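There are two complexes below, and they share subunit A, which is joined by subunit B in the first and by subunit C in the second.
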Partner chain A sequence: MQDNYIIELKNVSKIYDDETTAVDNFNLYVRKGEFITFLGPSGCGKSTTLRMIAGFEFPSKGSILLNGKDISNVPPNKRPINMVFQRYALFPHLDVYDNIAFGLRLKRLPQLKKDKEGNPILKIDKKKIRELKSEYHLISKKKHISEEEKKAKLDALQEQIDYYKATPVNSYSYAKLTDKEIDTKVARALKIVDLEALEDRNIATLSGGQQQRVAIARAIVNEPEILLLDEPLGALDLKMRKDMQIELKEMHEKLGITFIYVTHDQEEALTMSDTIVVMKDGVIQQIGTPKAIYDEPKNAFVADFIGESNIYNGTIIGTKKVRFLDHNFDCLDDFPLNEKIDVVVRPEDVNITNEPGMISGVIDNKIFKGVNYQYTIMVGKNELLVKSIYDYEVGTKVNLNITPNGIHIMKKDYTVNTYTDSWINKNNQVMIDESPFDCDITQLLPGSFIDEEGYLVSKDKAHKYDLNDADVVAEIALDKIDVVDDISSDECQVVGQIVDSIYIGDHYRYIVRTENEEDFVFTSQYSYNLNDTIGLKVNAKDIKLRLKKEVSNYEI
Partner chain B sequence: MKFRFQRKYLCIPYFLFLILFVIIPIFFIIYYAFTDSNGNFTFDAFVTFFTTTNKINVLVQSLLFSTLNTIVCLIIGYPISYLLSNPKFNKNYVLVLLFVMPMWINFVLRTGATRDVLTWLGINGGSHPYIATMIGLVYNYLPFVILPLYTTMLKLDKSQIEAAIDLGCNRVQVFTKSIFPQSVPGIISAAQMVFMPTMSSYVIPETLSEGKIVLFGNSIYLGFANNQWNSSGFMAIVMLVIIAISMLVTRNFTEKDEGKEAATW
Partner chain C sequence: MVKKILGYSYIYLILLLMYIPILVLIVFSFTNATYIGTWNGFSFDLYGKLFQSEEIMIAVGNTVIIAIISAVCATVLGTLGAVGGFYAKRRSRAILENINQIPVVNAEIVMALSLVVMFVFIGNNIFGGANLFSFWTLLVGHIILAAPFVYLNVKPKLQQMDPALYEAALDLGCSPRQALNKAVLPEIIPGVFSGFMLSITLSLDDFIVTAFTRGSGLLSGAANIETISTLVQAKIKKGPIPPEMRPLTTIIFLIVLLVVIFISLRRNKTINVKSMKRRKLREKE
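This part shows the complex of A and B:
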């Protein structure tokens, strides 16, 4: 074990009572003094992970180590970790000073008890035994760890309990901090957050930014080893947020403690962090420095989530040569011939040129962004997002170049079929590869239903949405696609050729490519031949949808 | 001069109402309190009130009943409100309604029913006037405690409780340092809604103690009923003064705390 890791999460999973998995097999090692950010869309498990580090949730599986010691089941008030809450959670009945002093007033400093000769007094540590017993109780109730693991843990705990019951240890008396000590510490914290003048103010009279600072001061005044920040800037306006980002970064440098930050704002993550952990559906997608994550995204999700990007399906057609957008490009990554891959091109890596270029397209849309223009260019059927400082008219035909180091190639991960350019048609079906699939669009809004006119109605019946033409990302798990042998039957939703088949242990994995070059990956027990033409069908409930825009955009 | 409608004219009906039904009656009371039966100015009522042990006893007894009732209602109502406002124990509003429902029934009817139930249980007013009255009072005023406390506690921020734990509170300290201080506005408005009405309550002690317990409200009523306008008028003024004092005391509390909305529930 390396000593410079302050906190380690090993195989941590969180499974709720209703069997939903919020965090799945999370492994992370954080160095002392690091600024680490959990980044992901809402519901990706980032907050749950943070709450497990804080102690508000206990992991169902795995362990959390602080300085090498297992703290997985230690309650929050016994951890040297403090948190800044999303909505600050300041105490409205206390003023600024008392809010900050709250933790200090609860703090008790242990002092070794000694007898008259100065020898330490030994006593049975009943408190420790109580704590261990409650931990024992907690572990014995866990459902998701194996019996052997549970037994091993419980035995170890029982051993400790027996030890403390039998062995008297040094006893301590506990002293409060003096008013003067509290004063000095609060004054220092106020100085760090720049609020010296406001210590007597009532919380309700403070602005959002000031409340934010009080919340930070209240946490750092306890000198925690780790400071947790749960989307702390979410409630501030843009300008304030930018200022606070810089200030937080400075604070981090000044204090030298480890910051663990949770956000769904990729720009915030890129600006502040030393390390970013990108998460989706409770699983870590990529861990790396902001630059590494931006430049070398590991998969299409990361590329899509971090910054704006163009993502295409491509095929490797030679050594360091890749084909996408109907053109052969040189690239820097070496992949096996004929492999289907994801290609990511950042908008700023595409150059618009007046000379003959590699590809050409028509400008479809133009947005002025301050420093540059953002164009949507139609290259054939595909959209390409381009940023340029030069001004072109909409409708102009332009030539485009993409240099090899602007092309990032990622192995397709075959955990799930993801269709990023799907949309909903007027029959509330999802269009994947020009073919309609029945699907359950009520999943886009929890509790919603479809009325007789085909509109989506929210749970409280207050809002109505017309999702016709809405862009969605559709996902189909590999084992949810079924083969239809008779390709002329009505059941058959899409037809394609098997272009790849691998035998994996007890089943086959096939890739079916349609006429429109869309791939469907599925697993099956049965054997089919390469180049067979087969039909596929998917159950409506097995298509997972995610809107590209907020649902409120479709409200009518 | 041409009449032009201004928004402030909308206040006129309310002013008329206040003058007719609040200000003038108060002046009547003051007039009766400081005159004799012939209408001459005198301090007789004042002197009699503070020298008659009987009347002072009634006042002290009423204060004791009010205080005790407030305390008992709070002790019972606080945990109930806490549980009702916690989604872990109470998932819908029906339970709250069940607790508050008695409030919507005319309280003379309710008190009559209470008397019958208590008699059936063997706690009739004849043999246990104090217990019967106390039970009646608590039963009547409990909803007035639960509602303001419930609304205050609904507003308690769960993340504040977590923040308190995060900063080192154990379970008891979370209550004493975070939950309780924040529910103080609710406690004050609950106390306000119980304390004063109990003092002047008349039907409950009358019915449940079978006339054995006379609270301040009864005694004012009896006075007016027996045409003792002057002494009763003075007692009404004493009542007003006590109300004013209790308002002033509680206002000082609520001004210190945020969450005034809860207090004005």
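This part shows the complex of A and C:
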């Protein structure tokens, strides 16, 4: 029995009418007073999850519990949860004061009706019956839950309906808050967000930051149990955003209520949260404290999404010994011998030294970042991102050290091939392992198309993007890679050696390693021998792309 | 400088050409000559005759009653349609918008004729051969005439609105209907109002639909309903435009002018009564 969870999401899925799955089997338990952040790239289902908690969407499967009570199908106006919207959604026809008082004016306090002797008056609760009936109707229309589950839920509801129909219960009259009470509460909320002087101002005359504060005040004045924030700082400039981050955090501590925050900005998530939920394609990738997620990412996606990182293919060559970048390193994680793994090295964990180091490389690129320099160092054929406060010239040969606690090893994720250092070339092909692959770059911007000059044009034709040299993350599913037998044919896009093969029930899983040490994992019905050199090809539509920066960076 | 003067004189010329006919009409409403152009000296005779003419007064009464009732109905219908369309799925919205567009671009005569055919058909097949033409058929005609224009007036206001407002209102405790009244309606009310005014105008000066769909009723009693436009048409058939029409149109013009002035004055008024109330509330403490 876990009673201290304020909100629980159990096996929650959201499947839209067109059969697209926005959220898949989401499980989350939130403690009272926690600051929790949903983090992920756009379209990962984080906003949909938030909207389900708010009540704007109902889950297709699973249930949402608030203080142990199922609220999955309760409409938003009946939930003690308030939301701060992405673009604030303030009411322009009301001034600051009336915007904040909006929720309070709707509030009705139930008062027990009593007869002259002081005994409660009992009545059939028609309103409750109506609510239950509409919930019954809603559940009976759900498509994605099993028949037994549906029947069990409907029977339970029917039982309740019958109970309320037969049994008179206490009846209530509803009283509005007085003007005085509303005024006190609004004044307090204005004080919390520092807007006392602006209460009579029109919404349109406020700056973005001030509107943001009004939106927060409007939500917290209702004293919700949970405050939802949907990318609330997205529309502010950088300086303002930093200030608001700190203020939100302080507000969270002062109010003591649960905050659920949605963002795609990893820095924001790391700064503010107690717990971060990293999501991708509707699936939770990792739940943990900011430190755990940064230091111990569960897979390559999390490592790449949170902070800057170098990710390499490695092999375990002994007890707590790992080989990558053509060198044997000591590490702290224990994995079975000869296992292929992903290695993450954070740029700040690499030390540039003048003495002989573990590995050496040539500085290829240097960017001044204010507090330090960011170098791209070529170690053999691999790039290594390093941060250092010392100044080196481009082209210098440097020695590098990586300490064991700077090396984090992750079990290889064999569900999909992820290439985190791909880029788009001038022919709108994606470069994976120095080989061009045809791909569909219009997927980077929904509804977009490519014009005759090769630029990406947005759906409304208002924006044009030049994606040449854009850094992307490419993903290819294991079953979408085909083998080309004749490695000299034009069809063949990449050539490599089979370095690993394993038989899984009814098919083989191979790992093909190219000359540049890039791995392609694929499944096949046919058997090939270890160390065979084979060619591979991938259909353009099977390569999934994600830009590393916002698409607006490439606008021309 | 010369360019500027030329530009202004062009605008004033156009305005002058637009308003000269109305000014002439107003001037000639203050003389009792039958024909415009002859001046028999200043008099209020025509104004007196206008208010004594039962025929014209009945037509004016009919016109106003129909205009107000049909405008209210068309405004409700058009506004609900626009809000519904705005929150509908893309496909159903496209269908709704196309259906709405047809009456707007279609010739009025087509609509009037098709309404006649429909009323006759319904009368013959459902009401057993009864003659349906009455105030009600006229009202239906006018509502159908105006509702698409209300839709078109409300739609841009909805598009300017943040679509999350409705959800924000729900989130703060509104039931769906309250959210519509308290969050969405205040945003679109200028569009609703201009749609209402347009409906009144369309109904006031409509001739074709009125002539086709009217029957007996209203102030005309057992006879066919006469509105200002049908009355003028009937009079012209027999002789010159009745001189009483000149003061009538003058009065209509002045009423419209007053309404327009009143609206633009209201818009510029920005005294915040609410904030004064609040201050009083706090001073009481």
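By definition in this document, the second predicted complex is superposed on the first by the 437 of 556 C-alpha atoms of A that agree within 3 Å, B and C clash if a C-alpha of one lies under 4 Å from a C-alpha of the other, contacts with A are read in each partner's own complex, and residues count from 1 in each chain.
FYI, a contact is a pair of C-beta atoms (placed from the backbone, for glycine too) under 8 Å apart; a residue touches a chain by one contact, two chains touch by 3 or more.
Quantities reported herein were computed from a predicted structural model and do not represent experimental measurements.
Asks: Are subunit B and subunit C a fit on subunit A, or do they clash, once the structures share the same frame?
Replies: clash
Asks: Looking at the overlay, does A:Leu106 come into contact with subunit B only (first), subunit C only (second), both, or neither?
Replies: Both: A:Leu106 reaches subunit B and subunit C.
Asks: Given the touch rule stated above, what does A:Asp95 touch, subunit B (first), subunit C (second), both, or neither?
Replies: In the superposed model, A:Asp95 contacts subunit C only, not subunit B.
Asks: When the two structures are overlaid on chain A, which partner does A:Phe449 contact: first (subunit B), second (subunit C), both, or neither?
Replies: In the superposed model, A:Phe449 contacts neither subunit B nor subunit C.
Asks: Check the residue A:Asp179 against both partner chains and state whether it touches subunit B (first), subunit C (second), both, or neither.
Replies: A:Asp179: touches subunit C, not subunit B.
Asks: Quick check for you: in the superposed arrangement, does A:Asn82 touch first (subunit B), second (subunit C), both or neither?
Replies: both
Asks: Which partner does A:Ile203 contact after superposing on A: first (subunit B), second (subunit C), both, neither?
Replies: first
Asks: Could you pull out which residues of subunit A sit against subunit B in one structure and against subunit C in the other?
Replies: Comparing the two interfaces on subunit A, one with subunit B and one with subunit C, the shared residues are 54-56, 75-77, 81-83, 85-87, 89-94, 102-103, 106-107, 218-219, 222.
Asks: Can you name the residues of subunit A that touch subunit B in the complex?
Replies: 54-56, 75-77, 81-83, 85-87, 89-94, 102-103, 106-107, 202-204, 218-219, 222
Asks: Would you tell me which residues of subunit B are touching subunit A in their complex?
Replies: These residues of subunit B touch subunit A: 157, 159-160, 162-170, 173, 177-178, 181-182, 184, 257-259.
Asks: Which stretch or stretches of subunit C touch subunit A in the complex?
Replies: My answer: residues 162, 164-165, 167-175, 178, 182-183, 186-187, 272, 274-275, 278, 281-282.
Asks: Note which residues of subunit A are touching subunit C in the complex, please.
Replies: By the definition above, subunit A touches subunit C via 54-56, 75-77, 81-83, 85-87, 89-95, 97-98, 102-103, 106-107, 179-180, 183, 199-200, 218-219, 222.
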